[in-house]
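Each of the next two complexes has chain A plus one more chain, namely chain B in the first and chain C in the second.
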Partner chain A sequence: MSITHNQEGVFTIVSMAGRFDALCAREFKSVISLLLEADKKRIILDMAQVNFIDSSGMGALVGGLRGVAKEGGEIRIAGLIPEVHTIFELTRLHRIFDIYETTAAALAAG
Partner chain B sequence: MITVLCVDDQKHITDVLSRYLTKWGYLVLVASDGETGWDIIQKNRPEIVLTDWLMPDLEGPDLCRRVRSAGFPGYTYMILLTAKSDKEDLVLGMEAGADDFISKPFEIGELKVRLNAAARMVRLERQLTQANSELDEKNLALNEMYDSVKIDLEAAAQIQLTLLPDRNVSLPGFHFDWLFSPSTFIAGDIFNIFPVDSNHLNFYLIDVSGHGIPAALLSTTLSRVLSPQSHFTINGPLGQTYCDTCENRQDLIVSLNSPAHVALALNKQFMSDGEQMQYFTMLYGSVDLRDGTTTITQAGHPSPVYQAPGGEVRTIGGGGFPIGLIPEADFEDVSFRFEAGGRLYLYSDGITECRGATGTMFGEKALLDVLRAGWNQPLREVIDRLRSELAVHRGSDSFDDDLSLLAIERMEDRI
Partner chain C sequence: MKAMILGAGKGTRVRPITGTVPKPMICLAGKPVLEFIIEHLVSQGFDEIVINTSYLSDAIESYFRDGSRYGARIAYSFEGALVDGALEGSAVGSAGGMRKIQDFSGFFTDTFAVLCGDAVIDLDLREAVAFHKKSKALATIVLKEVDRSEVSSYGIVEVADDGRIVRFQEKPRPEEAISCVANTGIYLFEPEIFNYIPSGVEYDIGSQLFPALVAAGAPLFGVTLPFTWLDIGSVSSYWDAVHRLLAGELRGYRPAGEEIAPGVFAGVNLAMNRDNVTIRPPVVIGGSVAIGDGAVIIGPTVIGPGSVIEAGAVVEECLVDGYTRISGIATVKQKIIFGGHCITPQGNAITIAEHDIGWIIDDARHKQELSPLQQALMELAEGL
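This part shows the complex of A and B:
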């Protein structure tokens, strides 16, 4: 798993790749808290390259969302592949997150 | 201080050596022949031995051989004093185990630097020995600690097994069997099946996020919260299941409430907070023994598989929030009829997400294939078959997530 991020206007795009599991969950949490410290709280998660997410990954996502929301920020999720989207549906997390087909769509959505 | 033994049958040589070596800070021992030298070596274990080659009884190379074959714990640095300078002689001396040679008559300056080199070796060897022994001690301590943790974990694993339903207990009109395979001693998976009154049979399978000890602590707690105090008592004063420690007992009267209510109550009580984000997925259900009406709630958990009499398989339910993750989560009940001769399989995602050598997951389709094919076989055989297919897919008998499956079969001849 690798996590990188870059700024796109008011949004910080966090790009992830590989398996979103316990190992990655730890890295993800630290990336989110670093962004919050830097007052970057409008976040788009580009998950197009994520091929799997497990329960630890889900926990990290919801934990990240809670932290960001508490600071008045938001997390948008973009680019879920069908297999990962299925897991979001199974756990109903697609109702908790704003999900977009692409990063461009997430950026364009005001 | 480094001890040097000087062995020579000519007293004037040992006298000279003794004088200089003492001056240079060595502790000096003297022997006038090879056998005496060997006795001193065994008794005093000098670090450096400076021995003449030619002596009447035991020659220098022989002394070297004895030292080398004795296998003393510390190293003994052997220097041969010799008038010989032929290549063949040197080879013979080295083969006997000599580390260095000093030619006779010797020059004081050369003697000094050669002894310095020897002392340097001796000190390095001492440091190495000390470092090794410290390492050995640490290894020993680590091993002891690991052994004690392992013993504890094995005991915990045994305790966890006692929380699982007893295969030898028969339920009214139902068979059940299960697969339970923790990835590390103890699991975050837990399940049970139990009658709550004469008309209802409840069951659940839970998968706590993560695995190992943190997950097992929660799964054990949940097992206590969800299971009736006395298992399989059909005609007892049932209808209620309490959590001893819960503040609001109304929340935990799980038995006669719908599965969705159970999920809601658990979501309230086990909401994750802080860093850990520990939560769980659950499949909870209840069968009405009078007509087979079965109600389940699916809390972030894989859909259970229902197998109709005849073998056709289908999954039930479309998902739901996990428990302990979203405070405002709601849960739905889904109902279906558990026909006589039908089977219901609850499982954790450790099965479908089991990764093979190439990274591919076992998948729901492979699971359905095994269950479909096992239609005419007893539950035990279906489970054994699944276990071996998983091991083949994995290419190993050890898995990186907990595996669990609860299989329930409604018998043909009752209800």
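This part shows the complex of A and C:
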């Protein structure tokens, strides 16, 4: 798993790749903490390269969303591959996140 | 009359459903495709049936046995060998399978039918036989018009005005198709057909025998009759087949079980409080199923026997295999849950074990142990 981020206007795009498991969950949490410390709280998660998510990954996403929302920010999710989207649906996570087909769509949503 | 059913294929295009079940044993609303075919054949006067088997042959042979409970006499032509205690298939092709039976006993002595084991039909076979005899055909193929976008899944034929078949195309691209008339895998033959099928070699009906008949100028005819044809050649056609079956397209079909509400059929030993569950038909529920309070079941849906739909779960347009547990937090929409996989109607599959979703969907007989994190996610989702 690798996590990188870059700024697009008011949004910070966090790009992830590989397996979103327990190992990655720790890295993800620290990235979110650093962004919040830098007052970057409008976040788009580009998950197009994520091919797997387990319950640790889902827990980290929910934890991240809670932390960001507490600071008045938001997390948008973009680019889920069908397999990962299915898991979002099964667990109803798709109801708590704003999900967009692409990063561009997430950016354009205002 | 005599018939042969082709049951030896591996069903690679229906994977992962055919990982554990041979294609003819795939169930439509709880009943194997092959059982539909046998019952239909018997109703049309075909009561001496040989089924060739190879891949997962036991599943077929132990289910139908000698056919007496269907009012038929059924035997099997196994294609393979017992090697080190395990059955190994060695398919000889569809025409090769016919030839093997004929070489074995001379079984085919008069006009006979050969059907693929992967489609449910309500065809008037007597009418097809009448056409076949009137045409003095050596072989007759039952044809069906399909949508041009689907031709690449089928053998396509060109038929002359007199009903003779003049050309074949195997699974053409839509823009190259010579017609939209498809071979349904339902054939009628005269025993003289064996003059055109070599012994002891792999030989296919669609791609070898029929082109050879055309080349030889033998009387090969096609007949188009109105009938429902629910083929399960691929995951998406399987999905469509169940939907069409539940929509009532197959003549004479009624789901098994008791109709507990309009369009809702259930087996015995159902653990469900009907006042606390929302069900929208058509829904077919197998025996010994438990459905918890607050669950929502939206049809067309099939829930296999022994399954547990926990309180609060939402199951919408799903084909759920037997012994499946669906967690109360789950929203399962347009999925096939089968053999440890969660499959979309397009055939994309995720493996339940690999993707760590056993805490949401699992075999109902597994002992369930949730990690603290899964427990927390469960509680979160319950509020959604």
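By definition in this document, the second predicted complex is superposed on the first by the 110 of 110 C-alpha atoms of A that agree within 3 Å, B and C clash if a C-alpha of one lies under 4 Å from a C-alpha of the other, contacts with A are read in each partner's own complex, and residues count from 1 in each chain.
What we mean here is this: a residue touches a chain if its C-beta (ideal position, glycine included) is under 8 Å from a C-beta of that chain, and two chains touch if they have at least 3 such contacts.
Everything numeric in this text was worked out from a predicted model, so none of it was measured.
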- Is A:T91 touching the first partner chain B, the second partner chain C, both, or neither of them? both
- Message: Let me test your reading of the model: by the given contact rule, A:G59 touches which partner, first (chain B), second (chain C), both or neither?
- Response: both
- Kindly classify A:P82 by the partners it touches after superposition: chain B alone (first), chain C alone (second), both, or neither? second
- Query: Looking at the overlay, does A:F11 come into contact with chain B only (first), chain C only (second), both, or neither?
  - Reply: neither
- Message: I'd like to check the shared interface: which positions of chain A are touched by both chain B and chain C across the two complexes?
- Response: 52, 54-56, 58-59, 62, 89-93, 96
- Query: How about chain A: which of its residues touch chain C in the complex?
  - Reply: 52-56, 58-59, 62, 82-83, 86-87, 89-93, 95-96
- Footprint of chain A on chain C - complex, ascending: 329-333, 335, 342, 344, 348, 350, 355-357, 359-361, 371, 373-374, 376-377, 380-381, 384
- Message: Show me the residue ranges of chain B that touch chain A in the complex, using the header's touch definition.
- Response: 207, 209-210, 272, 275, 277-279, 281, 300, 302-303, 318-322, 325-326, 329, 349, 353, 361, 401
- Message: Per the contact definition, I'd like the list of chain A residues that touch chain B in the complex.
- Response: 22, 29, 52, 54-56, 58-60, 62-63, 89-93, 96
